[in-house]
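In what comes next, chain A is part of two complexes: it sits with chain B in the first one and with chain C in the second one.
Let's look at the complex of A and B:
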């Protein structure tokens, strides 16, 4: 992966692109969630990322780390459900790991995201294979070593890989075997986050 | 699907403004989504705080008042509230003797209340939490998010609320709440799916002529689908599930709860079947409550919750309560 330096504006761009991607796919996320959850994932993520964009565009934080911690705090305060604390923790922990550098390399971002993804696993008490966000996030962070496009593709494939899985966490787990055959909404929105990252990195 | 709303985005705020208009005994902060009893903080009293997704009314805001909750934090429809709400509410109701969070066992609620507990403690508020997980329909709890919190929430809020009202310290109120959780089990069925305002169509497909057994209160499908059964058959099935898990040695409180779209006429008929089964099984009934208390929007169906009570729990259940959704005594 090349040594491009990523500044705060890049991260604001990421959040804006993520919000747009979630806007576009909100109905699909809600549809997936109604199959194995409670039909609100699209709406909740839409509300959360709209709030994030509003905050980071009104007063753009000075560093990449600050953009992500601000975004994470905003998600925790506006999403609710499990997604709020989980996505909020992902961005906050990633941001904290980036520290207060004015620019970060892609490799530093990858290290930050790895810490963020670990924090998500801890908070949710989950592991890859449980049919959760982690099934998209973990392979995406791995593939980020190659390129942003590779990370986006790995996240997308990870999301699709949840279809045959049996849900072990969250509301889908109540369905037991009936959760099999449906794509996990959280893994799907995680893939959108990485698609947006690849888009702004172009 | 026709609904009595303006736009889906404002349903929760609109309902809170309506609550404010109807209940001057409550302080309703519609913007921050916090409902508090007007005389809070009540001096020398432990405060009870709960919250959860909207769509289960009267739970929780309808249970705010003397003898029950001090504050409620409604989230979006079927979405847990955010930590900021609980921290704000805790600060508003804490008299210095601490706050008990009553949390239904859903991943979102658990995570948000956990974050709120840390934040409230940072502000010097003593917090204890009790997790309600009474739904026996979720069996494999080692491999799932665990049993869901449903009808027993009402028992916990009423009984622990009375304990707090009597001036018991936080540890004692918490212990009473835990005892109620341990002593309670529920089972629910759906005759129709519910429709969230945001989605506008039913959250799952339930063909005409079938019912969903072991349904939750968030429009999530249950564990098993069967051809429609009679009230008698449903009571047998639901109580079999409950009594398999709870073998009451003491008299029980019975909650026959409507999911939102089942007429009271049917609920009372079902309640008669519930009593028949309990009589057959030699389970003594101390009190019965019939009505729509822990609902799931416009879902048709019902749940039955049993809570076995000793003399103290029964006394606390009978203690006066004055809320929008439950009131007796005094």
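Let's look at the complex of A and C:
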């Protein structure tokens, strides 16, 4: 992986690209969620990331860490569903791990994201294979060692791998066997987050 | 109705030690408010602990609001800690995330692992009796043991 230095503007760009990707795919996210959840994932994520963009663009934080902790705080306070605290924790813990450096390397971002993903697993009490966001996030962080594009591809593949899985967490788990055959909405939005990262890294 | 109301909040009586506050977090404003009223009512005349409901979203919909939870926790904080009881899903995750990652909640705020209705009654009764946060949390958690058949 190249030694590019990523600054606060890069992270604001990531959040903006993520919000745009979620806007484009909101309908699909809600559709996936109506199959096995409560049909609000698209609108919840849209509301959350719109709030993130509004804040980081109005008053751009000075460091990569501050961009992500600010974004995480916004998600926790504005989403209104389980994805708020989960994505909020992902970004907040990642941001905290990055500390107050003005620029971070891709390798430092990977270490930060790994801490963030671990925090998500801890918060939700889940592991890969449970048909959750982690099925996209864990392989994405692994693949980030190679490149941003590899991470995006791994996240997308991870999201697709949730189709045959039996849901073990959240509302979908009440469905038991009937959760099989549907792609997990959270893993799908996680893949969008990594697609947006690859897009801004180009 | 946005579920942000305070049901009982006169705090410690006559200069006694500060009481533990209780916050009831539900996906539904009316559920949070009603359980708060039920717990205060069942605690009888001795319901002195400050209790606040944080249910639904600020616009009155179903969901969880970090903002309403934070407001409610500060409203019932008398310095002796705040016990937060939650219903399910995003209510659990939001309170956990606020405690693990944030600085929004008052010092000594704790997620109490308890059944929502029974735990709320136990928490309000014990908090009103002047129990500390550990005892309030233990009493609320013991409500898991009340079998119904």
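Convention: the second predicted complex is superposed on the first by the 202 of 202 C-alpha atoms of A that agree within 3 Å, B and C clash if a C-alpha of one lies under 4 Å from a C-alpha of the other, contacts with A are read in each partner's own complex, and residues count from 1 in each chain.
Convention: a contact is a pair of C-beta atoms (placed from the backbone, for glycine too) under 8 Å apart; a residue touches a chain by one contact, two chains touch by 3 or more.
Because the structure is predicted, anything quoted here is derived from the model rather than measured.
Overlay on chain A: chain B and chain C clash in the combined arrangement.
By the touch criterion defined above, A:175 reaches chain B but does not reach chain C. After overlaying the two complexes on the shared chain, residue contacts for A:39 are found with chain B alone; chain C is out of touch.
By the document's definition of touching, neither partner reaches A:158: not chain B, not chain C. Contacts of A:77 after superposition on the shared chain: both chain B and chain C are touched. After overlaying the two complexes on the shared chain, residue contacts for A:119 are found with chain C alone; chain B is out of touch. Of the two partner chains placed by the overlay, neither chain B nor chain C lies in contact with A:139. Looking at the superposition, the partner that touches the larger set of chain A residues, chain B or chain C, turns out to be B.
Within the superposed three-chain model, A:13 lies out of touch with both chain B and chain C [touch as defined at top].
In the superposed model, A:85 makes contact with both chain B and chain C. When the shared chain is aligned, chain C comes close enough to touch A:93, but chain B does not.
Residues 40, 76-77, 80-82, 84-86, 123-124, 170-171 of chain A are contacted both by chain B in one complex and by chain C in the other. Against chain A, in their complex, chain C makes its touches with residues 57, 61, 63-67, 89-90, 93-94, 96-98, 100-102.
Against chain C, in their complex, chain A makes its touches with residues 40, 72-73, 76-77, 80-82, 84-86, 88-89, 92-93, 96, 119, 123-124, 170-171. Interface residues of chain A, counted against chain B in their complex, comprise 30, 34-35, 37-40, 43-44, 47, 76-86, 123-124, 167-171, 173-176, 178. The touching residues of chain B, counted against chain A in their complex, run 53, 75-84, 106-108, 111-112, 114-115, 137-138, 140, 143-145, 148, 196, 198-199, 203-204, 216, 218-221, 223.
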